[in-house]
Amino acid sequence: MKRYLENVRSRMPLIHNITNYVTVNDCANILLACGASPIMADDQNEVEEITGICGGLNINIGTLNSRTIESMLKAGKKANQLGHPVVLDPVGAGASRLRTETAFRIMQNIKLDVVRGNISEIKALAGCASTTQGVDANIADKITEDNLDETVRFAKAFAEKMAVVVAITGAIDIVCNRQTVYVIRNGHPMMAAITGSGCQLSAMIAAYITANPQSVLKATAAAVCAMGLAGECAFSRMSNLDGNSSYRNYIIDSIYNMTPEQLDKGAKYEVR
Amino acid sequence: MKRYLENVRSRMPLIHNITNYVTVNDCANILLACGASPIMADDQNEVEEITGICGGLNINIGTLNSRTIESMLKAGKKANQLGHPVVLDPVGAGASRLRTETAFRIMQNIKLDVVRGNISEIKALAGCASTTQGVDANIADKITEDNLDETVRFAKAFAEKMAVVVAITGAIDIVCNRQTVYVIRNGHPMMAAITGSGCQLSAMIAAYITANPQSVLKATAAAVCAMGLAGECAFSRMSNLDGNSSYRNYIIDSIYNMTPEQLDKGAKYEVR
Amino acid sequence: MKRYLENVRSRMPLIHNITNYVTVNDCANILLACGASPIMADDQNEVEEITGICGGLNINIGTLNSRTIESMLKAGKKANQLGHPVVLDPVGAGASRLRTETAFRIMQNIKLDVVRGNISEIKALAGCASTTQGVDANIADKITEDNLDETVRFAKAFAEKMAVVVAITGAIDIVCNRQTVYVIRNGHPMMAAITGSGCQLSAMIAAYITANPQSVLKATAAAVCAMGLAGECAFSRMSNLDGNSSYRNYIIDSIYNMTPEQLDKGAKYEVR
């Protein structure tokens, strides 16, 4: 895992983010924390140029609107032309037709490298019957040891059909392409008590795969391990008075302070 | 007060927020802190569906624009159809015609359950001569022990005329319907030194009344007490080096850690 | 330097910000921290009125779009009519034609008091060949002791041509009009690891010059010293576990706690 983080820190990829206004500041700070640089730009008249000066693109459909949807498509096409990696975070896919259809439009029109979402969002994209409850995964959908095998099969089928690396994050994380699966057991339940841990991870995945273009699957798994490990480190420093707001800061702090060695040692994954 | 918080934690209401981009992240985190779940969505093509999957709606007109105003109205009408509770936070009403008129349009077209603002904003909505100075209450308007009786009469008249529960927050908070008044003396002056404590409270009121639909007045008073108490708890842990940014985190942390018993014990209110 | 901070605290200027959604919350909190009040409003139908009730205007083109560009121009013209000071932060000028041209449109149509940017952005505005790499200064552009004299000459020429005070911030900060230059050596390299320290400084400059209308150059220099000093103070309280997210909070906290005496004592500048 180590080398993928080392490459982010040494190559300092510049990431273009078209993302929601809820968690945008955290996305910018976590990109800086991991060694990358953020730029946020969502106007149709500049997104292609901004994508052009960046190394990778992170598209997040939370708080999407008709204006920004067009920008996402333009930026994505430009990134494809330039051979830049593209991450899609389909926030709330399944919660509204607009979100589901926008995610489909993006998947149909843009070659994506990684799609990261919770299980409800990915099921919605796969055309499953799951109804996303807001931006969090349905309880019925949650990945557990009991349904892990089934979820892994689903994830591989999705990855194959869409020709992407898929990262399904939750209590257990699954990162896979059509052949190889990383089952990741980093993280802490308290991560569900802050807004934007998923958005932050998607931004960080964009940084990892931009810095490691030959190893998209492994770099994505490394980013997922790093985020989960940061959630663990952050929890371990919580005082009795600290709550979710301090925890949010501590997670970003942990990404900032994470050494390649720490990631190697702390990453808990199995390859299937 | 206790049961209202307990119900938020056990029922975990999903709250649709159409809110400003200044304090939106804090609103999301405080909703998670109190036990609710946030979703932010403001595009006309999805707000009705999003309202449909949520339990309550929080409309906040800070950084409103022509696009989001229509979304507020659409979402509000849908919430009314579904019988979902609706909170209005008329940020900056009185500071511009657009804000005042938008607040009026919302009040005329949507049945609101709670309106929460500072005294200047509520006076502007009542058609008083107050000129809101930005997003903070005018000094001349501030609620003090001297003008409390008068302000209580004003609040009750406003609540009756608008058929809402009104929450006027400041150094002393007033929560009332046309008959019953809660005068609340929780809080700390330093809360005025952070942006968004009012926005956060409005979001939290939406969570409290959604989880306690039969007790809108009392649940609103409980949320106001909880916010004020969090301001007190947060202040008590401040170090010499901490300032308003740490204080902001500590307030959300305090909401996260607040037990029903703590709220019962710490709530300082009289019923008139 | 002392008196400029004292005036912010005693006059409590209300600052209208049309700014990006990435760092807007930090801008609001740092304005409160220094003693000013923020209001954010970007709809064309209200910006003139909002500017009218404020004392100063801060225009920041990060995440600009066609809707907000018009609002920036309207608000700027109104501020000019009223004789209110105006600050421009040309975030990312040089990174896209839209940003560069918008900055030019603003400079041509609005009388600005202060332009604050990094060296790459200011070079782009001066028509130099610098290509801005995202929102951070190019390494090739960085201000060092070696190129300081040259950069000072450039800054003075820019200030004269544009008839503004220019603040070029980086490892060494330069604040000047056509005649007088402040070379400021406050700050800490870690400030580059958080998003928005520049945006926050621009907002704070707006507060300082609004509270000190007769001393725009000196008040700008004082704000730049204050921000750099806050970066130093914040760094000095970092624990081993703290990272860029805690650092962000500590910077705002340091501005909140900064006394006029502390600023006087800590400001490191020479006047040329």
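As written, the chain order gives the labels A, B and C, with residue 1 at the start of each chain.
Assume a contact is a pair of C-beta atoms (placed from the backbone, for glycine too) under 8 Å apart; a residue touches a chain by one contact, two chains touch by 3 or more.
The structure displayed is predicted, hence computed values, not measured ones.
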Same vs different contact residues, subunit A with subunit C, by half of numbers used: different
Cα superposition of subunit A on its sequence copy subunit B - rotation in ° rounded to nearest 5: 120
Rounded Å distance, subunit A centre to subunit C centre (Cα mean): 32
For subunit B, residues that touch 2 or more chains besides their own: 21, 25, 248-249
Subunit A partner contacts - residues on subunit B that touch it in the complex: 14, 21, 24-25, 28-29, 32-33, 37-43, 45-46, 49-50, 53-54, 67, 237, 248-257
Subunit C to subunit A touching residues, read off their complex: 20-23, 25-26, 62-66, 92, 95-99, 131, 133-136, 193-196, 240-246, 248-249
